[in-house]
């Protein structure tokens, strides 16, 4: 029999639609199925170090299924192993606060800590378990869908929906104005959002980090569409996309050095397309909008299933593990196996081949092919 | 080398969001990847018997990705093996028009016929191939997601989204008015839409055809929620749900005999809950709204992938097969294996267990449990 | 100077998207602009009689702008002048509890009571002020938009959006299946939702309570569309629509007597169209979905403005008045003038003429005209 | 009796949701109500000079109500009075092509030209009528809602809805991360979109061109919210907003000189807030997304009414006029009166006062007030 009586839960890293649904499911499953108390920890690991926590009961989670964000708060900072401690004299220094974190887990009486987070937060969780013996269960979160241990993560479908909606909007404008419209979406290391939104939103060109692109196939595609009476095109750009040969192809300009790259890589690409092809180009950076809003049904369900299964693992004492989606089943995988490896788009996968089969250009094509085949 | 030069495509049965995306993908893939001509046949098999068809090129499919329905038209009638032929004297008689259909395939010069449809249309397609030697490739379509050969079908995610949106709407009304709100969704034989929407929309009770229900666990659930300060509940009812013991439990009333059961089973259930529990109950039948509207991104992608793969099978001469989703891959399965078997919700599957773990009631519970655990 | 220090607020009647936005604005304006305390009364007038109330501060209204329903709860019952009092012996009797209500206003220390409600609630509010001297300020609420004293009410635009979305969904199904699709929307006495949704959703026929309809012009319209290659039509039916000559035109059937008329008038109309025209007809009753969901921006703004202005009137002591929209301004009107008069659709108004000009049929046309002119 | 038999229609300037609905209504009203032929001219005035036009009938406008953009195409160029003519030697020169335009109106047999456009296109239309005697009827279009002659223009409500949706998305992220989130929306000269979206989306600060802002009241507002346990804020910025004292307040940086100001003014404002207040700030530029997508019901109705009324004015020979919304009526105003005057937000208007009453800060406040009153 499990002796787990109190379970802690925290959210770390950037927010994603569905975090609240995970929290709701953890609380519901713990309460309804196991009669276990849940303690919510504020602001990720920071709240653990600083001992900010409160019990969560069924009233606290009412209405959470439809709400984006996380009621616990989250932060990209607060790694207890390198904690930014502010000394009485006001100076900040990095200290190892993992001992404090462990003591606080004990003070809070937690028999297990459920860590909902991305690669960074899960890595901390893995060290908690391996080095400090804190019982941890992980729930993967990455809006980019680039965690290798799980087929999909919640938040991804909602981000794809927002990006697809934006493409639907840009489509009518592109068509009315005979323009090339760029949409920059999230995806620093992996092009999943760009690829899915490009397929769903009728993108003509999709640029992803996995495939360094040249401008020639893009221009060839635009020209082929023009010849066919379609003098407009939609380009989806993952924020991590980069030209083959590196950024020196952007001759003598520095737009990408702007404030926090608000203009993004798409500004440079837009400028280059205008210069090379004589097109009227407009770029839009979807940005943080992708992280927010009401989760789509799939994300609500996946997040709920993750939360339910994490509660079960916690209560059953399966520590050091992480929930993951494999096919249509939620499974448990070792935390140690889940971290540190990115899941990238395989340029030879079936989905990529499908995209090419209907004429989507990725920038590595032989331009003659593109001009033959449009699409 | 394939000698396929002309491919026909038709849509049969009830419409589903994504049909147009399949058609678009078939045309795009045939044109862009294979240089093959596509002929669209109007109104399902009726159009084949009556020889209504036209070539489809890239201009015909412009803008189709976002449009519900099918530009080819569809019908639930028109089985060529039992064709309702109207004689010159005005009398209708059922005749075998499959020979005419075969001749028309030849007249149209079709090297393959892509049949997009549900179990009925695919069964006709299978007989075309097996009995008449017409080269057929199938694309599965069922909004209920109850075809056993494929993990998911397009249209299902859009229907779940519509049902979830409706639950979100009813939720605030239920809460404001302290009511039990019922939403009847599609699912004559399988409860997939009800189960997914119930999970995504925070349903308290989900009634599906696979699980005959009793009213006692429902009333116990409502009472448990009331005790917890939640004097309202959401009930999701699949149209095929039925009480254990059959409809005689509905004492002395006949509301379900109304015009085309517009009131649906939910009217009877609502009435019974009012009578037994003293609750204020309201029922809504979502109906055809579930079949329409812009497909969600997932359905656009799945439909596109089905269309692309069907085009490939057609061009490569893999006749008698059907595309299907298995995990994350599109595969080909024999048409003969795909038809005649429904995929039902397994009451013991992980998803069902997850639903029960967060307190969703299906009507087969021990009421004492429900009143203990709410949820 | 005003001596108003505490303001009560309650919501009565059926819920409508935007109620929470009014409550939020009342609290915000009272706190931010006037430093006045707000007391929320639960469940409409029932809560006033039964003394269920609590103070509302800024934390209570966080996140309310996007939420449908009312956090205060509402009910169609609870008229203090005819209060259903349950005696100790369990028998219910109607008593005049208005004196209790008045005493409770005093016990709660309320200097003014803001009543958010429809004609029924506002009439009670008016009697409170006129007969009992309770200081009242009214905020009009009717999803049907049929209150004569204000140009528009919040909730109406959201209901029109839901109805229009449903029509967009039904449109693709009607077109794919060559059907006549009916959508029944709210509007017992006035056809505003039907008229607006019909215009916005491309309805071919719109049936409203203000215009008794005949079936001949409908059939003529369907036939005219058929001749033009459009063998499908969309019909929007207000729930209060009725045929000229009364319901005896529905020969020998009683579908409309079903449970709470779940099938609605549209079931009868659908049946009749099938019988007369040989069309395949499907009907959908949108029902309570129209009352729920996130309010559209216009409704959030209108509700906020109503709440802000009601707070101002309360604080300034302008009792016995109601806020109303006139043109683009919020004005105060006497409660006595606002109640008891419905705002109906004038068949000769510009909007109706516009609808007819683009070919929308209302059922009172000369069928020959309709068959000439399709549209 | 009118002798108008052929009416031309063109769309000019930036696109806006509802353009297609106007075109549809013009064609429907001309065909159904008047039996008049409609000729669609491509690409605004360019198509008139270059004689690109085609007849539009009922089939051409099928499905247009839900589609953003314009099937006629549009452009910001092509003023016939200063036409960029490309000589045979390839050199472009500006010529007066208004005579060609007039001849083409005659060649096309147009008895009237309906010009759908913003201030620029309508000014050309007005000169056509006044200087050249071309019979013109105008339809106002500006997504910014800044045309003085009409209360509202179509497209505005859809833009507000997109901006509000974006704010809803950013809200949950701001709250989860304790950030200040900026959303830059359209509005070069007038702050209507920012004001409406700010009210509907719960903005804490709204910056509009009509009110030069200082940073002190902003920081005071953020601090007041922090003290109240709300360590996050939403800022809505119209693209034309500017600090009091001009851009030199942005000390020593040049982020706004990036490619086509993709980063927008919001990048500079974000940077300044970070520097002054120590907040984590993120900015999003909504951009062209606001111009696209399916029009909301209100815009579909307003656009339809404009189109219907423009058709009536054209057929009745009321040339030199423009349709406009006044209150709830569509009226005709002289084109000469409609152009050249912008409608700006009056800082003293009721809507602004309402915004201030619930605590929205515009940057011209006395910071002490803000810190007292939060809101």
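In order of appearance the chains are A, B, C and D, and numbering begins at 1 in each one.
Quick note on the criterion: contacts are C-beta pairs under 8 Å (C-beta built on N, C-alpha and C of every residue); 3 or more make two chains touch, one makes a residue touch a chain.
Computed from a predicted structure; not experimentally measured.
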Set of chains whose contacts include both subunit D and subunit B = A, C
Ask   = Which chain has its C-alpha centroid at the greatest distance from the C-alpha centroid of subunit C?
value = A
Request  = Let me have the rounded angstrom distance from the C-alpha centre of subunit C over to the C-alpha centre of subunit D, please.
outcome  = 31
Query = Per the centroid of Cα atoms for each chain, what is the distance between subunit A and subunit C, given in Å?
reply = 41
Inquiry  = Residues of subunit C that contact two or more other chains, please.
reply    = 67, 168, 294
Request  = Show which residues of subunit C lie in contact with subunit D when the two form their complex.
outcome  = 25, 28-29, 31-33, 58-59, 62, 65-66, 151, 157, 160-161, 164, 168, 196-197, 199-202, 228-230, 294, 296-298, 300-301, 304-305, 308-309, 311-312, 327-330, 350-351, 354, 356-359, 373-375
Parts of subunit B lying in touch with subunit C, wherever the complex brings them together = 11, 14-15, 17, 19, 43, 67-70, 73-75, 162, 165-166, 168-173, 175-178, 181, 253, 255, 258-260, 262-264, 266-268, 270-271, 282-294
